[in-house]
Amino acid sequence: MAEFPLKHVYEAQQFDRNLLDTVFQVADDMKRDMEEGGRRYGQALAGRIMASLFYEPSTRTRFSFEAAMLRLGGSIITTENAREFSSAAKGESLYDSTRIMNGYADIIVMRHHEAGSAEKAAQVSAAPVINAGDGAGQHPTQALLDLYTIKDHFAEVNKLKVAMVGDLKYGRTVRSLSYLLTKYSGIQIFFVSPSVCRMESDIKGYLDKEGVPWEEGTDLDSVLPRVDCVYMTRIQRERFIVPEDYDQAVGKYILTPEKVMKMKADAIIMHPLPRLNEIPQAVDADPRAHYFEQAQNGLYIRMALLCLLLNAA
Amino acid sequence: MAEFPLKHVYEAQQFDRNLLDTVFQVADDMKRDMEEGGRRYGQALAGRIMASLFYEPSTRTRFSFEAAMLRLGGSIITTENAREFSSAAKGESLYDSTRIMNGYADIIVMRHHEAGSAEKAAQVSAAPVINAGDGAGQHPTQALLDLYTIKDHFAEVNKLKVAMVGDLKYGRTVRSLSYLLTKYSGIQIFFVSPSVCRMESDIKGYLDKEGVPWEEGTDLDSVLPRVDCVYMTRIQRERFIVPEDYDQAVGKYILTPEKVMKMKADAIIMHPLPRLNEIPQAVDADPRAHYFEQAQNGLYIRMALLCLLLNAA
Amino acid sequence: MAEFPLKHVYEAQQFDRNLLDTVFQVADDMKRDMEEGGRRYGQALAGRIMASLFYEPSTRTRFSFEAAMLRLGGSIITTENAREFSSAAKGESLYDSTRIMNGYADIIVMRHHEAGSAEKAAQVSAAPVINAGDGAGQHPTQALLDLYTIKDHFAEVNKLKVAMVGDLKYGRTVRSLSYLLTKYSGIQIFFVSPSVCRMESDIKGYLDKEGVPWEEGTDLDSVLPRVDCVYMTRIQRERFIVPEDYDQAVGKYILTPEKVMKMKADAIIMHPLPRLNEIPQAVDADPRAHYFEQAQNGLYIRMALLCLLLNAA
């Protein structure tokens, strides 16, 4: 039985190095057990109900959580229509919705369009709440699965060099990953983006405070040979005032097979998915491509959290 | 094994005093069993399928039924999109939809926008049909859980004084509760509402016929000290022609902590939820506040009905 | 353990006579086992997850597949909102969606608005893919359940005379059924339709090539006494340029009780459902009416395919 002091998971900042180690170790257990047919954990949550309370649709994230619950023998009540909870009521509070859900479910997975909603729900919920993304706010399970994918491949996170590429200003994932990497030693981070979507100064300031060296630039090619991990993200047209700037920028940040050849042999390519054209399909066969495995790792991380929060790990 | 003569549940009028006693006793069993980890009933409906056939969304009601089915070990097929059944077909009858559902599910929970739909479906369904609300018509499981909440608290329903407050004209719940209270003796009912949303004369006539004394008025304060149960409901702005009338009315029917102090010490406050501002959150901590427990009781009532209709109680 | 060489099911053309026999035999097993309480197959797919990936709603088909999976002890993740997969991503490929689903589910049931999608998904999916209808393309499980209903009633398909009535030009079901009937000997087919929605020449050519005699006409009454099976379909107003033509046509193809009396005593009436007025409700009580049984047979066919594809039959 793993020790787990958290009652809810609403933001990446709840995780210190010890907690990360615990979650990743349980995720390892889950992965191994799944490969062996679920003998140990296949009924770990039998009789428990998870509510997927999605105030906006996110089929991919919802499926990942629901598959995790089902793989553990639990069951599910689900909606991608949770706004109706309040619209029907013309203004029911998240507080009331959460308290009512406590009567139905043992654990709540919440996706919301407003930042901070999951934490607010957690404050009044007797059942554990897991944040499955709240607007411009947090998406902590994505952050955990990103870091887990790195750890899973390299065994050791310390001393790795990580490039984050694309839209670093609006991307939740790269912000959270940067934050979590400070828990390890000897890390170096390279921010590569068009100048209109640079990483914000709050994260940079935090890296400075934690003593994590970082560099910033617009040129991907020069960074590729130097790093162990290239974390790609989508660049969105809306960020650019001048369309020509977009057209020019977007081409620079496509990780073509030619660019992949500049990477170290044992480096890895990550992407939170969905992707557009920033990683061509031709790259998928490269052994460095780890983005589908990364998506798969979301299952193990979510299984681990469900078990830990429900004291079944 | 409890005796249960009903094949379907589509309206509150199907329940006489004996049936109410049966349902409430099984609900008591369910509640106790849930608190003990579901040893007795946790697999009572294993292998059975419940179809949630919702022609309009009602996440709260749907979740309550689905959690009930899952707690009993059953499984679920679900849609909040059942209108598509007929729209795709450009006019398939409820009759056909119901007969087809009989091929898939062992029990059907139906929410429909037209009054009378559940009863119509029941007439042609081999599988039990439970009405989860049909338009301006019936919502019998809500009526049962309301009455069960009263019985659960007071042990005995006879001789209770019940106030119903707010929109009594359009509120399904207060109409059905008034009806069911006639099954008990010594009941007194107080209708408190703005004059534009008074209880309709059909219910009042029925109470007269059954010998249940009732009073009607617009003043909440004078009623509060006299009753054992205050059943609050939402007042909707649309009911008022003159906006100022609404503004004036709505304030009168807010059950503030000050008003709660006028209630008897062992009285209870109920509300079908969702609430707006008619019960401020500050009242939630008062031991008389029973509305979240009332929502929770919906689970036990629905578990009881599922078991009784499927001969598993 | 039945031999089953298919990894995916995306079109009726994958099925030769041997495969049809295998599927129908397993469907027979499923039907018998269901009638006996599911002792043999009730846990056949325990621990397996089926993803219902519907890019457009089709509650009926979805419920049929999901009930099949649940009856086999499996579990389900489901969406009728799968377009969001790609719309959120502003263009994610079916390829990526499918690969990600492989991380969550053991088998994928896909409904798509574009012909050919299921086969495309199958090409990149490690998990079996079943086509639950792709636009104007294929709906192979419907074709199988249609043929199974004929076989189930007559025991032997060879030598049957089958009439197909209504919109034969746009109807997927009659096209696929015609194709599959060529796998049997001594078949005769009668196409009965308004001249604007005649069976297309590709199917007629295929019947000629396979040596299956067919006739074509507009008169239903003369065909009814000659056939063993009358397969009715909806005629859609949109097919007609002149509204009066529609009004005249539609009346000719209503299978009234009077017309049913012209049929052989042991013939059967089929319809893929939903129906409009082409079969009046008064016909339902006739022993020749088999359309609700046909819908029910969909359950057994889908249970059979799920088991065969997951090597559990």
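Letters are used for the chains, namely A, B and C, taken in the order the chains are written, and counting of residues starts over at 1 for each.
We adopt the following convention: a residue touches a chain if its C-beta (ideal position, glycine included) is under 8 Å from a C-beta of that chain, and two chains touch if they have at least 3 such contacts.
Given the structure is predicted, the values throughout are model-derived calculations rather than measurements.
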item: Cα-superposition angle relating the copies subunit B and subunit A, to nearest 5°; value: 120
item: Self-contact between copies subunit B and subunit C, residue sets same or different by half; value: different
item: Computed distance of Cα centres, subunit C from subunit B, in Å; value: 41
item: For subunit A, residues contacting two or more additional chains; value: 75, 78
item: Complex contacts: residues of subunit C adjacent to subunit B; value: 37-38, 42, 57-60, 62-64, 66-67, 70-71, 75-76, 78, 80, 273-276, 281, 292, 295-296, 298-299
item: In the complex with subunit A, residue positions of subunit C that touch it; value: 47, 49, 51, 75, 77-79, 81-82, 84-86, 88-93, 95-96, 99-101, 103-105
